[in-house]
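What follows is a pair of complexes built around chain A, which joins chain B in one and chain C in the other.
Our next item is the complex of A and B:
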C-alpha cells in the first residue's frame, strides 16, 4: 500500500507536470495569436465540472466507480490545477465587469474554502482523536442533557443526604445560576475551543475550587464530582465545536461551487456570443 | 453496614440443557449402545455418567420432513438416533433450504436504489415469498421453531441420500471441532433424537475410551488427512508416510467452548489475571514435545517480559507452532527449548504431531532449501510463521487490545483511524443507501489509541452467532463465506443477537410501507428481525462503507492476515 506521504508527493509531481503542460500549451497558443482566453476559460469550466462530479459520486456509493478517497485525491490535486488555470485565464489582473468580478470572487471563495477544508479535515480530526472519547455529533445534545442531570442530582444529593446546603446555596446564589448551569445548558466557548484554549474551563474550575474552604469532606467529594462533570462537558463542547466546523464548511464550499458553475456557464456563453458577433 | 448475600457458587450442572430430561429418559438412553457399554466406574465423582446424560442431553421429537441440521450450519451438539431414521443429504441446493444466495444487483437495479429505497425504516413487503424455497416453519408446543421440507418424498427422489438409523451418532465432529456441518440431515419419519450438547459430548469422550476412539477414528478417516495435506509442511510426504503421521496425531482441546459468554467478565480483570485464565498449551522453556497445528480457535503467543508476559502475536486456524525449535534440535547438538508460551484464547482445538514423528518422517522429506537456519542460542526471538516483520510494525499495546477484546476473530473487522476520520458519516450514509435506507452498523465502538473498532459485523472466523439459530436464517453464504441473515426465514428469536459477543447484531421492529409496525397476529407483539452488516454482498462494488470513506480512515481488515493489519488504516 502506498503511504500517505508518498501518495502526496506523487500527486504533487503529477499536478506540477500538468501545470507546466498547460502553461506550455497556453504559450504555444499565444504565439499563434489565438485568443487563449477561450482555451483557458473553457478548460477551466470543464475542470470545474469534473471537480463537481465528486458530489455525484458520493450519491452513488453502491456503484463500482472507484473509492471515494481516490476521487478526493483527484478533487484536491485537480483543484490545485485550477489555480494555475484561473491565473492564466484572468491574466493575473483583477476583473472589472460585474459578472467577471462576481465570478472571480466566487472562485476565490470556493478554492479558499476547499483548501481550508483540506487543512481542517487533517488538523481537526487529529485534535478530536486526542481529546476524550469518540463522540457522535448527533448524540451530543442528549449527552449534554445527561451531564446536566447528573450535576443537578449531585446538588440534590448533597442537600438531601448530608443535610447541608452549602453546595446548593453556594451554587444557587453564585456559580450555579451564573456559571455552572448556563455552562451546562448548551454548547459553549466555541471559538475558545477552536483555538485550543482551556481558559473558560479553567476559570470555572478555579471558581469551584476556591469554594473548597467552605465544604466539609463529603461536600468536597461532591464538588470534585461536579468538577469531573464540568471537564466532561468541556470535552463535549470541544467535540461539538470541531465537528460543527468539519460538517459546515461544506455548506459554504458546495453551494458556492454550484453557483460558480452556473455563472461560469453564463459567462462562457456570453463571451462566445460576443466573440461570434465581433468576428 | 453492608449485608452481603451469600449463595452457593453456580455450577455447570445448575443449568441443565433441558428441564424436561428425566431419570426415566436417562434409563432409556442407557439401554442403547454405546451408552450401555459405558462403565460408570470410569467416570469421576464430579461428573458421573447419569448426571452427564441428565444435564447435557435432551430428547427431541421430529416429524417426517423436519430438518435436523443444515449443511453449513454451526452447531454445538451431536445427535444420537433413539427411534426412527434420518436422511443425509449432501450438497442439497441452499434455495431448497430457504436460503437465497445473495445475488449482485444489476446496474439498473443498483441505480434504481436511489428512488426505490423505502422511506420508512426497516420497511418490509407483506407479499408472500415467491422463491424456490421448499421449507416451512412450524412451532411445537413449547414454542420452538422447526423448519421442515414440504415435499420430502419428491425431494428424496430428486437427490442422492444416505439413510441412518437407530443407534447412530451424527454431528459429533462439527460439535467438537466447531466447524460447519457438512451435510443436511432430515427426519424421514417420526424420529426421536438425543441431542448431546458439546459439554456432555466432551466429557463422554474424555471418560469413555471406546467413544473417544470411535470419534477420533471417524475424524482421522474423514478429515485429518485432508487437513494435513493442506499444511505445506506435509506436502512432501508419500501417502504411506502421511497415513503414519495421521495415526500418530493426538487431538487436544483447550479452553471454554462457550468463550463468548464469560470473556466480557474476564475483561474487567488485570492483564495478569486474564492471562492466568487462558489455559497453557505449550510453555516457554519447556522441551518441544510436538508440532502444534491449530485446528480451530485462536492462541496467544507470549514471552516472559519483566514480571509479566508480553503478547507477540496470535495464531489462528491452519497455523503451526514449535517447528523452529524442533527443526533446530534436529539439525544441531545444542538443544533449545520453546521460546514462547502458547495460550488458548477461548476455545482451541489442536493437533499435536509428536516430535519423533516430525524428526523421523517430516523433516527428512523437506527440500534442504525449506529448512530454516539454526536459531542462535542467545536469541529469544524465534521467528514465527515468517511474518514477524509485519507483526513488529503493529503496536504491541494495540495487539494486546485486539487479543483481549477478541477482535482477532474478525475477517472483515471495521477499523477506523480516528486521526483521519472527520466524522462526516459518509460511511454510514453509504451503508444506509445500500440497505434500503437502514444503516447496518454504528460508527461507535471500542477504542485503543487512534483506532476505533466500530460496531459492525466482523464476519468472524468462529461465528458464534450461528449457533442455535432455530431456522438457519443466519448462515455463511456460499461464495465468499460472509455471514448473512435470510430475512424471510428469520423468526426474530434474538438468539444470534444475544450470542454475538461484540453486540454487532441488532433486532429491529419491521414496518409496512405506511410505517405501521407489523405485528404477530397471535400475540400482537411487533415482529422482530435480526439485522447486521452483510458486507454489501448484493452490491456491485462490495462494501460501500470502505469505498465511501474520503479520508482512507475506514478499512475492513482480515485479522488473520497480519500483513493487512500492519498496513491497516495508518
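Our next item is the complex of A and C:
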C-alpha cells in the first residue's frame, strides 16, 4: 500500500515533470511566430475542464471511473499544474481588459479557494482529531439538544433531590438564564473556535465556578456536571465551526469554477475569432 | 463524554446527499421519515403498528427509544403523531442552488455584455498602443470578427486560422509592399530559391536546442506560400506604452532554414557588406588618393572624407556631394572640352557630301546642292532617327546600306542612285520642315518613337531648344531655293538639277560661331554644312536627354539608330565625356544611365540598414578608416567595362562581422536582428488620403453648370 508521503512525492514529481514539460513547450513556442497564449490558453481551459469533471465524477458513483480518492489526488495536483499554466498564460502581467481581468480574478479566487480548502482539510482534520470526539456534522444539532436537555435535567434533579432551589434560583436570575442556557441553545463562538481560543468557554466556566461558595456539597457536584456539559457543548461548537468551514469553502470553489469555465469559453472564442487581426 | 452512538439500532442513518432534510433537524430531533424529494413533509406517526393476532403492537425502532408506552390505538393507528415540519434544503442542495444561480448570473451577465451597446469596451483585452490610439474603441477598424456574431466566434474555435482576414484591414492603412503578407514581402518563388540556395550553403554552427525543438511543434513551420499575418509580430492591446516593433532574435528565425544563437555565435560572416554593387559614379578611391590627389591636382584635392561625403539630415547615410562641390575643381574642364581637338559641338544636322555629277549624268535631279562639296560625311544619327520616323526613308537607307556617304557614286547602281536621290529629298524635306515649322518638326517626329507621349520638358531637352533663326540662316546660305524645290517635289513636279556655283560662304567664321556659344548652344558650321550643338557643361540636358533615349527606345526599327546616337554621345572622346564617370546599368528591366550617386529611394526599405550618426563618436582619430579600409589592389575601373553592376571590385575591403561584434553583443550595444535588418523590404510607402476635391458650396452650382455646359458642347 502506498503511504501518504510516498504518494505525495510521486504526485509532486509527476506534477513537476508536467510543469517542466509545459514550460519547455511554451518556451519552444515562444521562439516561433506561433502565439503562445493559444497553447497555454486552450491547455489551461481543457485542464480546468478535467478538474471540473471531478464534481461530475462524484455524482456518478456507480460508474467504474476509479476511486474518489484517486480523483481527488488528480484534482489537487492537476490543480497545482494550472498555476503554472495560468502564470504562463498571463505572462505574469495583470490583465487589463474587462473579460480578461474578471477571468483572472475568478481563477485566482477558484484556485485560491481550492488551495485554501486543501490546507484547511489537512489542518482542521488534525485540529478536530485533537479535541473532543468525532462527530457527524448532521448530528450536531441533535447532540446539542441532548446536552441542553441534560443540563435541564440536572437543574430539575437538583431541585427535586435536594429540596433546594439555590442553583435554579441563582441560575434563573443570572448565569443560567443569561449565559448557560443561551450558550446551549445554538452554535456559539464560531470565530473564537476558528482561531483556537478558549476564552468564551473559560469565562463562562469561571462565572459558574465563582458561584461555588453559595452551593452546598451536592449542589457543587451538580454544578461541576453542568460545567462538564458546557465543556462538551464547547467541543461540539468547535467541531461545528470547523466542519462548517470545511463544507462552506466549496460554496466559493464550485460555483465560481463553473463561472470560470463559462467565461473561459467566451474568452477563448473571442480570442480565436480575433486572433489574426491586428491584436 | 459520549455524544453519539453508532449502529442501526442506536442511531439514525444520515443522508446528507439528499436535497431535503427534516425541518426539525436543526432543533435536534429530526423525524425518521423525512421529507420527500420535493421537500414535502411526510411525517405522520412514530410507527406503523403491527397486528399480532387480535392485538396491535408498537413498532417504533430502538434508535427512537423503542416501543412507546401508549401503544397503538384500537383501530391500529399509532397514537404518537409527529408534528408536521417545514423541510429545509440540505447543505449540498444549497451549494447546488448557489452553483445554479452563479452560472445563471455568469451567463446572463455575459449575454448582456456580448449583446450590449458597450460590448466592444468589454471585449477589449487592453488599451491600444499610442500608435493606434486614434482608433479608439472601433474594433471593426482592425478586426473582421467585429462584423460577425457570437456564433461565428464560437465556430472560429474549430476553424483553421483565419490568416490574413484581419491583416487586410491592417493593410488598409499600412502599405508594406506588393506582397505584404509574404515573408519579407518576397514572392514564393524568390523565397524558395533562397531556401534552396541556403540548403546547400556550408553552415557548421549547431542549431540552438530551443530553436531546433520548436521545429517539432505543430503550427510553427511556414511552408511555401504561407502568409505571415501582421499580428504574428505586431501584438496589440498591451497598453499605450507597448512597443509594437519589438521582436526578439529567436522569433525572427522561425522561418529561417539556418538558425543560430546570436550575431557573435552563428551569424554568417559578412561577405561583401556594405557594397552590394559597383558605385553608380565610376570612382576609384585608390587612384585618386594615391595618384591624382598627390600630383597635378594636389591643390584642388580634398583633405578629408567629409569634403566629398556628407551625412544626410537623418544621420543615416553618407551621401556624395554635388558635382560642383566634389568633382568640378578637377573635371569641369574635361567636360567643357578644353584641349579637345576638332569641333566641340555635336553635329545634329548636316548636308551630306554628294556626287552630284553622277546623279546629273543619270538624269536624276535632287534640285540645288552645294557644288564641289566632297566632305566625306554622311547623315548624323539624329537625322537618321528623325527621317526614320517618317517611315518612307527606311527602305531607301537599306538599299544604300553599302554607302556610308555619297561623295563617290560612280559604282552605284541605278536603284541605289534612285534611293540616294530619295534620301536627299527626304533630307531637304526635313530641312524644310525645320525651317518652316521650327521645333515642331522635331516634336512630331520624336513623338512617334515613344509608346507614351514625351513630356514637354523631355521634348524640350531633346530639341535643345534650338532657335529657328539658326536653321533659317543656314538654309538661306546653303539651299536658298529649298522651299520652292521641296514644295514642287512634294507636289510631284519636276525640279531641275542646279549647282550652287555662286555660293558665298565664309568658312572663316566657323570658329567664331563656335566661340560665340561658349556657354552652350546652337551654331552652324559652313565647312561641312552642319548645325551643331555645343553642350552647356556638366549635366547638359540635351546630351542627357538623347543618351537616356537609348535605353528608352521601345521600337525595334529605330533601336539601331538610337544606339548609334548613344555611341556618338557616350564615346571616350564625345563632348561632355559623360560615360567617363556615369555608369550604365543593364541589370534593371531597362538599361539605365546612372546620372546620380546612390540616393536612398523614398519609402523603399532594404534588408540591411545602417545608421552612421550613432557610430561616428566611436571612430575617434581613425575616422572613416576605422571601418572602411582601402583595398589598394582592387581594380575598380575594370568593374565598369561592362554594364553589369554586380561584377565589380570595391575600393574598400568589406566590413568584417568581428568589427560589429566589438560592440554589438547582448551585454553592450545589443545584438537584436532588427537593429540592422528590416523585415519589410521593398516599397513601404505611406498611405495617402485619396479624398476627392471639395468645392466651396457657393461655387458648387456654378461648377455644376460649367460641367453640364461642357458636356452639352456649349
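In this text, the second predicted complex is superposed on the first by the 275 of 279 C-alpha atoms of A that agree within 3 Å, B and C clash if a C-alpha of one lies under 4 Å from a C-alpha of the other, contacts with A are read in each partner's own complex, and residues count from 1 in each chain.
Convention: contacts are C-beta pairs under 8 Å (C-beta built on N, C-alpha and C of every residue); 3 or more make two chains touch, one makes a residue touch a chain.
Since this is a predicted model, take the numbers as computed values, not measurements.
Novice: With both complexes superposed on chain A, which partner does A:4 reach: first (chain B), second (chain C), both or neither?
Specialist: first
Novice: Output check: A:50 vs chain B and chain C. Expected answer is one of first, second, both, neither. What do you get?
Specialist: After superposing on A, A:50 lies clear of both chain B and chain C.
Novice: Using the superposition on chain A described above, determine whether A:247 touches chain B (first), chain C (second), both, or neither.
Specialist: In the superposed model, A:247 contacts both chain B and chain C.
Novice: On the A-aligned overlay, A:105 touches which partner chain: chain B = first, chain C = second, or both, or neither?
Specialist: The answer is neither, since A:105 touches no partner chain.
Novice: Can you tell me whether chain B or chain C touches more residues on chain A?
Specialist: Looking at chain A, the partner in contact with more of its residues is C.
Novice: Determine, under the contact definition given at the top, whether A:17 touches first (chain B), second (chain C), both, or neither.
Specialist: A:17: touches no partner chain.
Novice: In the overlaid three-chain picture, which partner chain does A:72 touch, first (chain B) or second (chain C), both, or neither?
Specialist: first
Novice: Based on the superposed arrangement, let me know which partner A:145 touches: chain B (first), chain C (second), both, or neither?
Specialist: second
Novice: Applying the document's definition of touch, where does A:136 land relative to chain B and chain C: first, second, both, or neither?
Specialist: Touch partners of A:136: chain B and chain C.
Novice: For chain A, which residues lie in the overlap of the chain B contacts and the chain C contacts?
Specialist: On chain A, the overlap between the chain B and chain C contacts is residues 133, 136-137, 247.
Novice: Tell me, which parts of chain B touch chain A in their complex?
Specialist: 105, 107, 110-111, 113-114, 418-424, 426, 429-430, 433-434, 442-444, 447, 450, 452, 536, 539-542, 544, 546-553, 567, 570
Novice: Quick check: in the complex, which residue numbers of chain A touch chain B?
Specialist: Touch list, chain A to chain B: 1, 3-4, 58-69, 71-72, 121-122, 124-126, 128-129, 133-134, 136-137, 243, 246-247.
Novice: For chain A, which residues are in contact with chain C within the complex?
Specialist: By the definition above, chain A touches chain C via 24-25, 27-35, 95-100, 133, 135-139, 141-147, 228-229, 231-232, 236, 247, 250-251, 254-256, 258-259, 262-263, 266, 268-279.
Novice: So in the complex, which bits of chain C are touching chain A?
Specialist: 1-4, 11, 14, 16, 21, 25-30, 91, 94-95, 98-99, 101-103, 105-107, 110, 113-114, 121-127, 132, 139, 142-146, 148, 150, 152-154, 156-157, 159, 161-167, 169-170, 210-211, 213-214, 216-217, 219-220, 222, 228-237, 239, 248, 250-251, 253-255
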